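Before anything else, here is the set of structures, which you'll find just below.
The following pair of complexes shares a single chain, chain A, combined with chain B in the former and chain C in the latter.
Coming up: the complex of A and B.
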């Protein structure tokens, strides 16, 4: 378990296979939800996860590859592209500035 | 049933296939806009197009000041698209410098054959970029100050040029024979009415996130070559048909677990109109027996396309109904649309049957579904814990 301090999260990256479809969709949702928090939300392919990402979200099916690229950056897997509890947990914690475990 | 995502967390082998496929798709996908531009120009302006214009479509006998007499369609598919793929493939290996040498080498394979050289570009461009990368690493720090630019430019220029010549004489002809064999293989499947069986592989692979690898890594390049010859290709319709996924989502909406039903309409819009098929994968991973619905729906769609002689001008990417409509060839409008409709109907009926037309869902109380969600969260937490241990 790593505990994440929301204050240290400056860039949240949503990753999918191509970095064009599903990640773009989820990122645009999260961008709206996190607009007030000042956290930058980007979408990329799992291959292109940037080194300056503080937190990565990706589908559970792409977790192995995402971890391989992300290195020590925490990767949170989710299952549903709309309304996944794991994503909701991260968003709520970031909105409220509460530390959370990943 | 309690396993939320039973298989998808996967093995190293799956990740490796995903990575290799993603690599191939990664050369094509950033350039899809160019494929679409070519597809639209072809659908509209060729001799059998919607609005035939000889100067644009490059057909008939025309000439005029400043015109080369070949139109847009041929040069775009012969030169532009393979060069973009070559540049992108090189860039993935060694940045912009890799992209440049990849494009240089790609010209060699293009002129070495008379078929559009997508696969050739996908092979020679990363290889050339890799050679330059290795050379750069070997001489790093050894170049005399002031000679960096000279060495950089000439090393890349010489290697790129040499690979272009090698591509012309060696890689081009080899890849052409591979391409021809693959095309013949597909034709054999079509002739023997076996093409619908492709759904047996494609549909399960899709939900394991191999969708881009299969479609853009394999089918788009082969289809573009076929389309350049015959004006349309059925290969564009194998993976992209939104019907199977739509059928499953509709079945979830009416007969699925009660907690999931409200999520289905939003997913249907994203899937069918937005063309993001990933949205339906989790539903299948949750209820793996639904894969039978997409396989049978997909096979029905392919069979319909084979029977009606359907094909699209270029790849509908993303696989949205709007992209399908934009890529319909003149004189072949109904086949692709019928393929979507039939796939949707079959997939919906099979999925509904598998879920007992909602009887099972009523038996499953909401509490059970909540427990399932909770179990899933726990499972995810476990996986995270596992990976923690694996990490150094």
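Coming up: the complex of A and C.
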């Protein structure tokens, strides 16, 4: 369990297999939701998770691969591309600037 | 820096509203065929779409699936494009029923605005239903055109 300080999150990455479909869609939604917070949101393939990511969201089925690439960067798994509670929790905490556990 | 025209990504011939499929494999292959016929992908692409589906479902909710390939399948993409296939009778998708399949072939980012628009639609149940019920290509294209302020329907 890691506690995330929202102030330290500058770049959020949504990682998926190809980075062309579901991750792109989720990232676009998060970008809108986090626009006011000044957090950059990107979508990539799992292999392409950038070193400067502060937080990674990925499908539960890709969690191990994502962790392998992300190293010490926290990775939050989700199951639903729309309305997943884990994603909602992260977004709400980032919007409110409240620390949260992943 | 030219803006991507939604009508170029989603050609009228790639919006097919009266499809039938016995199962999700047939539905995915129908999307693959539409993308092949639109010149967006080679014949290698549809099998890569099935492969991706086996690892993680592309069902995203509200009766919509967005079949696309894995990273390996990107090599089979000739040019970015989408297809919109409606299955009025629905297709079983791991226990969910998909009515709309939006097939994706992309190397670039031009299609992301349309996906963003799709996400905006699907979080509002009434708009999601309107998309599922859209029965002419113009309506589909208009709904999926980014930053459409209001729906015409």
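Following the convention adopted for this analysis, the second predicted complex is superposed on the first by the 102 of 102 C-alpha atoms of A that agree within 3 Å, B and C clash if a C-alpha of one lies under 4 Å from a C-alpha of the other, contacts with A are read in each partner's own complex, and residues count from 1 in each chain.
Criterion: contacts are C-beta pairs under 8 Å (C-beta built on N, C-alpha and C of every residue); 3 or more make two chains touch, one makes a residue touch a chain.
All values reported here derive from a predicted model rather than from experimental measurement.
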item	value
When chain B and chain C are modelled together on chain A, clash or fit	clash
Comparison of chain B and chain C by chain A residues contacted	B
Which superposed partner A:64 touches (first chain B, second chain C, both, neither)	first
Which superposed partner A:45 touches (first chain B, second chain C, both, neither)	both
Touched partner set for A:22, first chain B, second chain C, both or neither	both
Contacts of A:82 with chain B and chain C, given as first, second, both or neither	both
Partner chain(s) touched by A:102 [first = chain B, second = chain C, both, neither]	first
Clash with chain C (superposed arrangement) - responsible stretch of chain B out of 93-101, 309-317, 363-371 or 381-389	309-317
Chain A residues contacted in one complex by chain B, in the other by chain C	17-18, 20-22, 25, 45, 47, 59, 61-62, 80-83
Interfacial residue positions of chain C with respect to chain A in the complex	52, 55-56, 58, 60-62, 66, 68-71, 73-74, 104, 106-107, 109, 111-113, 115-116, 118-120, 122-123
Chain B partner contacts - residues on chain A that touch it in the complex	1-2, 16-18, 20-22, 25, 45-47, 59-65, 67-68, 72, 77-83, 85-86, 102
Residue numbers on chain B that touch chain A, as the complex places them	4-5, 8-10, 12, 14-15, 18-19, 22-23, 25-26, 29, 208-209, 211-213, 216, 263, 266-267, 270, 274-276, 278-279, 281-282, 285-286, 318, 373, 376-377, 380, 383-385, 387-388, 391
Residue numbers on chain A that touch chain C, as the complex places them	17-22, 24-29, 31-32, 43, 45, 47, 59, 61-62, 80-83
